[in-house]
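Look at the two complexes coming up: chain A is in both, with chain B in one and chain C in the other.
Presenting the complex of A and B:
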């Protein structure tokens, strides 16, 4: 009869083998066959146009990144779901994807300030993933309260700051703020008042309107009575701002109008010009990124243009990527840098702290031309922008300032 | 004082549009005793019909060009300074064919929609409780909103004004007053339509039939009045006037899904004026329009949206049947 005895060496070997077996799932989790980046977009509902313009950008970005070797050799895949611009729907999309993909899900792209506010408190422990979104809400640019959320441009308050700097530089003495009565509209108003005072600009009117279907004659009348040098419009996307400018021009007001990111889309300005005439001539606003047609010394924009000509042939995006798409590209580019750096450091990408640390470490980076300058991440935002002016004749926005920092 | 006049005239121009919208609610109520909660969404559909026929279709390659562009007009337009009154008149003249086509087609389309609603949603409930019919109108809000989303995007867009839109400037007590020409014309159009329809309802046989059906459907039947036809006529009247109001609103503020919400504030105006009183509703519409403009001026936009509701609460506390409503009217 053969005796088997448990020696110390055997015991240690067995323990090591057992530990290795137990650890195997962890190792496997760290190297999934593909990394998932989720996205909720308003493919239906009031902002369906924006969602439908952003969705192709995600698809193009996926092919670009995977063509460059993905993240540490692993491909990425976007899972895009419709939110209908309802924050609760987007939250449900996120939680469902988290449950189905687990640690393969490494990041998420949100569709609104509302979603980012709603999901913020849920981002704890293994429920947290690094997120970026369409929002420039000021409250999100705070690593203390929103450690896992970042934006690829200046907050709305910063955008007001940049516009007010530009107004001061051009000798403007008075300004009006006209904003929608939404959180989006009111976000930068208090900061704008304070900053205007610092710059010696008098705020002669602060006017709140409905986000859609505003009483244009009454608002224009108040603007005419205040008669400011400049008027900054905030909190609108496709409506109200063109009617306000049209009404003011009809009255013969010489006020110069300015907008922030969501009021600076060329497709909207072109459509307004085609439908209602050239009254947007001279309209200005702040843009964190270069327009997609401004491709000189911008290899990434050139690459997007080349891919779009093939992948989006026959669509309106074939020759022009909207600013909303460029925002998505820039945000995801920053996210990818952080994911790659975390992967190179051997960190688990599904742990939001690992990625957040890398996002915060993005400093003095040339992102390939999305911006006209090297950028740095500070307080989970990129606080640079440039003032552009629209020409109804050429249908182009062209820069009228250098890159300004808020 | 000049500024008070400025905002009062702005308010009266809004009030006239409210009155035109309210006309549809009162007409349906007087004929059927049903408060149509979906009327705002019927107006929204009318506005989108106008947008389709005046903007989208004429822009299509396969559709006939509806622009009036003789050489003399092109020359005059090129010579007119931008935003000048001459440019405004010439631009309107150039667009007149598509404006007329859009408005007529929108009225027809809205009327057809009203016939469908009346025939397939309301008529089957004849003889049932009014509460059931009212709930149908509540359900129609979702149906119409869904139909709109299926056909059109949620983007805001511009549509042409029904009338020329020159800027009118003058002084009152030394203060400059500005008025949009198109809004002044819209006020005149709205008041004219309101007045004509009220006179027609009061003096024509159709109007008498409507009042009879409203009083007692069984007796109206026995007197040879086709009650279903009366109902259909009221719905068509509401939708047709709603289409005009929708086109005016869309031209003034831009077209967007939020037009549907106008119905709720106008419903408050109808309750304030008295559910079955055209005159009361007209007065209430004008008062609320002026009140909103003055509130916008003095307190800002955040207060404007609650203004009609606060006004109706105060009036109903003092006069439970509205300014000029009949006392026997049942409240909902």
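Presenting the complex of A and C:
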């Protein structure tokens, strides 16, 4: 019998050859075992409430997409990290994920205008992935300067445009803009002035305040002096309604108040109404999406409602998905359409140009009811919205206009 | 009592503190930093650059707080001056058709000088107030700096709340347009700043700072001009932070006012306290904790709890709690900072096997 000896060197050599053989399919494989979509959310810090409300939407969306076969048969997985609402932290989260996941990472969901501004110039070559975010900053809706970033609604300037169109249609003659002294607050003011002039509406007051409700009574006095038909509030998430609108009502002002996307959350309006009284009755604002309870002819919203009842049972989101969650759903839905189309075309999804091309190609699409109309992507944004009005009695926002395009 | 080594000369005596292990550590650290960009991925480069920028800024705080004994909670403002200064000066030099390859050589010193000038101004109250009062005065100064940057009237220069897009520096035609290339600049500046500031404290000026820290009126009786040296300390400290700001602007594609608010000033002070006040290596160690600990916590908790959305919701506050506990732990159990711990380690190595600690 022939004697065969197993030396350590021989064993190591065989092991290396075996490992190389096993690794071969991985090297040759074009498609990863799962696609990673990264996200930075403000799970702590000043906007933790928003982050913690958006997070479940990502989880539900992941199960919905994977239930439908993922992207070209490959499942997606979200990797979420906290940013604390600090842009540099979100940038570190993105680059950490890029380093650990490489080409498995196909898209990213950002949490602020600051992050999108900071990361934008870094998105070059293999460092670039397609991104969407919570921001509607006007600056971002520009494919030339921000080719790999898009938004699923109208910019803040567009939202002002839609509100001013609605004011003109309802016969409003004068308007005031009250905004926070943040980038978010000042974003649409110049455009709003120009658009109001075009529509023949006089801007009688432009007032800048702190983002939180300090020092509000002086602003109410100025508003009372200007006494406009309408007043648009911009750049507030919470905080100023009781002081500003409540204060104006105590003055006996008949001014109608309006807001933009981040001032249109039902959960907050309900809480303010419960704590401070029904002064939000008649408050209006622009929303790019339908509210989650407006489910007629909206198969996606019905689906979200069904799975929320199970997955989010016992939480405040069991029967209502906040507008911030709906924004995440709509943005990710658009992203998924682009990723699926790119995958069907046999393109590499980790190349941002391939996905950006498909995002730009989304035209006249029915997204399943997030919007009340078919939508198209133009200049990396969806420029439609509708005006809603809050009822302190029913605690619901109901539409008062048709879908308007900016 | 120190034992195990016979000290026959003063040089040998000095080696208790400046021993071969320390020297090897410093040069090893430098060698690692030089090799780093050839092996690290982009994420590690990002973290290393954040670390380098933080080291330069904390060295600045160390000059003022660690060596001169003047507490400042407003140094984030000086970093902002450096970042905005270098960006605006760059734009101005481009408008004046100054060759791009020379611009950083003018812009960086000019931004540092600007920060130093503002530092002199902010330092004026230090002649009348000390301790917590000075901390509040400097804090207010940083609020004023951020307020001015955000002011609409200055927005044509500063970009207001939208910030400014920064330029890629070019050194004699070598354009640092990737994070990896800017790393070289940051590493060189960090190393140079630490060494230069260490040497500052071998000079008359540095010793005057230390004299003021120990007892300011005694220093004045000994002939140290408080006006001159307190303001000099503020200027040098602000210039270091200005350099950190300039590096910040070159590294990130955009400067935004929110990046330089209170959080940054507090991080600088926390890094110094954790690292060791009035010690050369204090900023080096402290910045390591402030920059790396949150990343390490993210990676560790991510590995332990998974990366699902639900896990992330629980992990996020836990990370903050652990980080806070870590800082409290340092202050409670080693108020002299990591520099003191490292001293003990190197001393023990030097005396091994005869004694520990």
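Quick note on the criterion: the second predicted complex is superposed on the first by the 374 of 406 C-alpha atoms of A that agree within 3 Å, B and C clash if a C-alpha of one lies under 4 Å from a C-alpha of the other, contacts with A are read in each partner's own complex, and residues count from 1 in each chain.
Everything below uses one rule, namely that a residue touches a chain if its C-beta (ideal position, glycine included) is under 8 Å from a C-beta of that chain, and two chains touch if they have at least 3 such contacts.
Quick caveat: nothing in here was measured; it's all calculated off a predicted structure.
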Partner chain in contact with A:321 - chain B first, chain C second, else both or neither: neither
Partner chain(s) touched by A:44 [first = chain B, second = chain C, both, neither]: both
Touching partner for A:78 - first (chain B), second (chain C), both, neither: second
First, second, both or neither for A:183, with chain B first and chain C second: second
First, second, both or neither for A:342, with chain B first and chain C second: neither
Which superposed partner A:217 touches (first chain B, second chain C, both, neither): first
Touched partner set for A:280, first chain B, second chain C, both or neither: neither
Contact residues of chain A, present in both the chain B and the chain C interface: 44, 181
Chain A-touching residues of chain B, taken from the complex the two chains share: 3, 6-7, 10, 13-14, 55, 82-83, 88, 91, 149, 153-159, 165-167, 169, 176, 178-180, 183, 249, 252-254, 256-259, 261-262, 292-293, 296-297, 300-302, 304-305
Chain A residues touching chain C - in the complex, by the definition given at the top: 41, 43-44, 51-52, 55-56, 58-59, 62, 77-82, 84, 86-89, 91-92, 95-96, 98-100, 114, 117-118, 120-122, 127, 139, 181-183, 186
Touch list for chain A against partner chain B, complex: 44-49, 181, 206-222, 224-225, 237-240, 242-243, 246-247, 249-252, 271-272, 275-279
Complex contact set, residues of chain C against chain A: 41-44, 46-47, 50, 150, 160-163, 165, 179, 252-254, 256, 258-259, 263, 294-295, 298, 307-310, 312-313, 315-317, 319-320
